[in-house]
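Structure below; questions to follow.
A, B, C, D, E and F are the chain letters, set down in written order, and residue numbers restart from 1 in every chain.
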């Protein structure tokens, strides 16, 4: 893989590096790295607010058609919430003389805002491929469940860790993980015990789609998938993501109705002709920006 | 397997052959073949309208208790939409001077009608076992997701192909596939990339239940399952299909309530006694038509 | 495993034995045994009413934080409904001169009550680990689908048996099994055919999480999981169970909203501090009763 | 009102007369009359099948933009189900030796088909204004609840009559009436007692929008509303009907999402410009067919 | 109205009197009185537990086909929660040293149990007509929203009073009132301000169906409605109640499907024939018990 | 009414004036005025973005407990969308050479953003009382449906005007209006015809709660309601708003469950004691900020 190119439009972020991986080969792909490796990429409040802004920008950036998300450094995708930072200045610190209802109101707003930041990964209109390696616990699961496809390196060590610090996971794992994999016996097991699970186990239950020898290999594979997706019609790809996400939360009848309305506009695209022509002519199609 | 017998009541169809597979051994089983092998069983509009009529007839035919669906010929279950036919005379062809809203209205009605034709396979009150072999792409996935059980031969080559022609799949794959298998990372992967997947991969993710050496072997296995199901109480079998389909789109509480109302009538059957008696007497029960 | 201790508060039950497995090592764990081994632990009406009472008591018992459920004897977890008893005195027996609507009303109430008894296992606020061995058919599947985690011994023989006696399963299997495992092709197969499936098959589809050599080994493993869960913060564990159960029946957005409200109170616990402190001090935390 | 003109495309129906009311003044309006006045417009099976075909044709007829539905003759909109006909040849007649489950299957299919016929009025893409007069009981309520706007003459006598013949109304009244008016105390009252209610009461609870002195006056008013609607952009009108019907059965968030997708295509119409221009030029806009 | 007769089967209740109002004229009608007039019929915990038992018994009592619910004494239907009693011994009293999460768990169970007691009025399979007079505040609204039909005397003074004691109403008013009447501007007004509203206002918004001069007159009217309903087919009446309640919480499509399944059994009743015959013979039909 | 005081924290807004109406009498009340009277308070894009910011700030401002929303000037609450502005620079203007799918994507994002801005009024945690006068059309209905309580002056002239410019209303009217009033015949009438309706008609269908002689009188009444609400426990008031909004979009069972969890924290407030004490002591309670 050639040297990634920084994407100038994303140069202003502090905790995330956004590059174009090997830009000649993968135009339209953006690579987002969580960039706090000295702290195992653990999150504090400013980081999740920035994460939201990064993915909101990617969502409407016509130069981006697929996104790869990974963690900087060798040791961790992310170790989750930076508990020290959280207990120092945040909502979990002492609450003065507030009664239980007022503390609850404060916590509810805090959680809702936190959830919304992480959900920005899911709401990004472009497919997101998440690359996990090393320590991938707590918030790592919340975030990766918002991605469309998950791959990992064989050294990845996963855990839905929240129970171990006295919490039920509230930033999305309990909402999404049961819908991401099939076996609910397994979901209950890892969520109730907070035990580690390996890359191999993650693969066998369908949490990740591929396991690679190293982080580098996993990243290269993700970039390849992203590049492949980015070479397709963005009308087709982004419609497919939207309709699959809608499907998860609706009945089949409801999704069919929504799909019909969606495609009534989407089929008025030049991409179908472009795709069919390129098939006949055996050459790569070019699609207008979206 | 003995020679299948044509079912006279279904002799009038043009694009589908309906037979009784080896009728002495499998009464109550109907075998539907998509019959356009020279074109890889690709569909044009008249075919999906006929598919609906075939399955509506099967649904209320008291002589049928289970259905096997396969594609004629050696090469394909179906190669999906016949794109040439679609671009020639159909809704996707030139729209004169219609504005975007009017084109959308026309497309919306077209898609809704198309969806309804394919959904007839799911709405058929009798279990449908789908046998897939060779090329099984595009519409092949939409149709097979409407079946209850899927088996295939090892030469089956699957793809959710729509993205490759600039479309989001709108005839049911995006609505049903995420609910047919467990791993959503895999669903997103195959839907967003349009890549092929093999029989072995289909088995490992639970898309198909069995893989066989050849189309003939897969078909024989499907006929056996169908025959086995057809030997059971049709009240029990058809109730089970209905309640499982209801379950997919409802909460547990809602399904329990619906089930209670359903069985309040269904238990007023003679089949329970017939089944229990036959158990005691070690002989095969006979159930009245339904 | 040391000798289990009877739990005095549960001494009054007739068909269930409730003990503390090896109480020094596993405080807060209760072990419930279905206790009718001479009849393969088959259920009659008084038993499912008692099952409800047992689990309602466990649900609010502050001395219990995790529950193991198994069947007494070597031969069966449970052979399901005791058909002889059901046909003798119950609702399925002769109905005098009632018309179809009145028989239906009677059946509907009977089914609703039966469903509610079994659902008590799911509604128990504490995690339930179900240990299945030997004959595990019919009602065995309904009950075990209400548990959070399922393990089994390799001699377990499972079947969704209802179709074989002329019924659609109405006590929960058709509502829950499709949401417990991923492959719907498999669910339809076992529900429509009533065929047996083995421990290995149950493991491969994700119905059970572990298979062990013997019932004793499976039970020991379940007790260990339960003990491990019971050592965690009960606020975290019981919240996790509730939020995962809510997740199954709601959209992601709805679950996130509910989760935020739930945790707004749950985070006002001393358990977070206790858990963090114990992490720092490398000693086991102690949590107040809940 | 000038003499209505028969609409040739609808000449083949036996039990319904379809005309263009005073065609110079009300182009694009179709008037459907239930035409069995000698029997108080009571329905038998062939009639509701024909009703479905009439409204399916109207739904896609580009020359129709609004529909008025009324009953022929002076005495009744409709007296509902023709009980004599129903008991003679239909599903309610003797069932030979069928057991309760098989009778139920037969009834379930019959009811589903009947419901679908009546729902065709609601599914018609064009607004339907229902004019009720005289006897308007039983099926009259089911049908009129499928219309968009209801007006009546002051002699109208309404009743949800089903309870009086031993039935719960199953063709739509119990599904739709509670969503058509506000007071559920009133809905329960009229549905549980089967008592008559007058035009004045219907107006006060919001079941009808207008009460007129005579059937003729009510019809004229309905034709005027229909004509007024038919003079507007059909893209706007039909979108409004669809989005309001969707709203009834979905959350606000879901409807907003669906609306956004719908209008993303609908706003690509020339009608907006046409409407704005006609406003500036103070002349009536002309809209292309839809 | 003749002297009401006590119903012996209900003699054991302490806080509710259950009688047969003028039993010759109104067989099958039960009249339940909240019986704590000295305290304005205010509720404490034992009372709502008893209320549940009363309505559970009525629900399955074949001698009861309609229920009238009122408050004893001249001054109040009910003044709602007995705040003094609640603060003395109940869950709202001091909580020792419990942390916020543990207090929440205790409160959650308490509220859920309280809700379930009141919901028993709604779940009663027989129609309930609620007669409100005098002070009808707080819990009075929660309870009456569970009834099917509400009538009142002109001295009734209503208020959704909870906000005035620092609470959001949590026993059902906020869940049901918005679905009982049409104007949400009015619902928000009375719920957010806790202001009084009169019988006339209650009538004009559709909260009650009738206003009478006195409690006696209102009660007589309710008994008459109940008697009228009780003279109809119980299969039809109880089905109507069930289907209307289902309708409130489901889409039209879902309700139509449920209705079809329900009536597939319910139509297998002798009541239809009995009703039709009595119509022909001009005599009152007799229906078997249900 | 004394002179309103500007609220300094809201001084930076350009199109909205935020004051404290007669601040000695109504602490905790904020009054928001749409401030473009020269253009009949018509909206352009910058205005709805600002509207969102205003209501987001109010939502979390502990000094505000109730909000009044009105339009500046004598002539209009708002005339809705400023069509001239919209056609000049916005998304509705010429789209270059974009194909239908790409125009749709652009429109979809635009509508979603617009909807979200208006929904901020509904999501504001404090009750909003909307005062409507004069021209109140198009967006006026979308906005006011997001308020909790609506009052108006008798000169108010309302219309769901979108159909008249070739659009289906897509900013919330079609999603919320059917749930704000009871009669769907009326909703369909005004939405399909775009006809005007008066203050009197708005009152009779329950769209507004009060009609006053003048804008000033309506405003004074709204301020009074707001002041009254602001004098109550904010824990109770804001909980009541949240639970009523949740109720609209959920089943009764779901809302009861959510309510139980909500109040498990909310009841841990000092406001209950403060409210009860103030009742005993006959003095106005003081509640801490929330």
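What we mean here is this: a residue touches a chain if its C-beta (ideal position, glycine included) is under 8 Å from a C-beta of that chain, and two chains touch if they have at least 3 such contacts.
As the structure is a prediction and not an experimental result, all values here were calculated from the model.
Among the remaining chains, those touching chain C as well as chain E are A, B, D, F.
Shared contact partners of chain D and chain F, listed by label: A, B, C, E.
Distance between chain centres (mean CA atoms), chain B to chain C: 34 Å. Distance from the chain A centre to the chain D centre is 48 Å, each centre being the mean of its Cα atoms.
Between chain A and chain C, the centres computed from C-alpha atoms are 34 Å apart.
Each of the following residues of chain B touches two or more other chains: 100, 103-105, 179, 181-183, 205-206, 235, 248, 250, 253, 261-262, 264-269, 271. If touching chains are joined by edges, the resulting network of the protein chains shown connects every chain directly with every other. Only residues 100, 103-104, 253 of chain E touch chain A when the two sit together in their complex. Contact residues on chain F toward chain C in their complex (touch as defined above): 250, 254, 258, 261-262, 264-265, 268.
Of all the residues in chain A, the ones that touch chain F in their complex are 60, 98-102, 104-105, 109, 235, 238, 265-271, 288-290. Residues 127, 148-150, 179-183, 205-209, 225, 228-229, 232-233, 235-237, 239-244, 247-248, 251-253, 255-257, 259-269, 271-276, 279, 287 of chain B are the ones that touch chain C when the two sit in their complex. Partner chain D is touched in their complex by these residues of chain F: 83, 87, 92, 100, 103-105, 107-108, 111-112, 115, 119, 162-170, 172, 174-176, 178-179, 181-189, 191-195, 205-206, 248-250.
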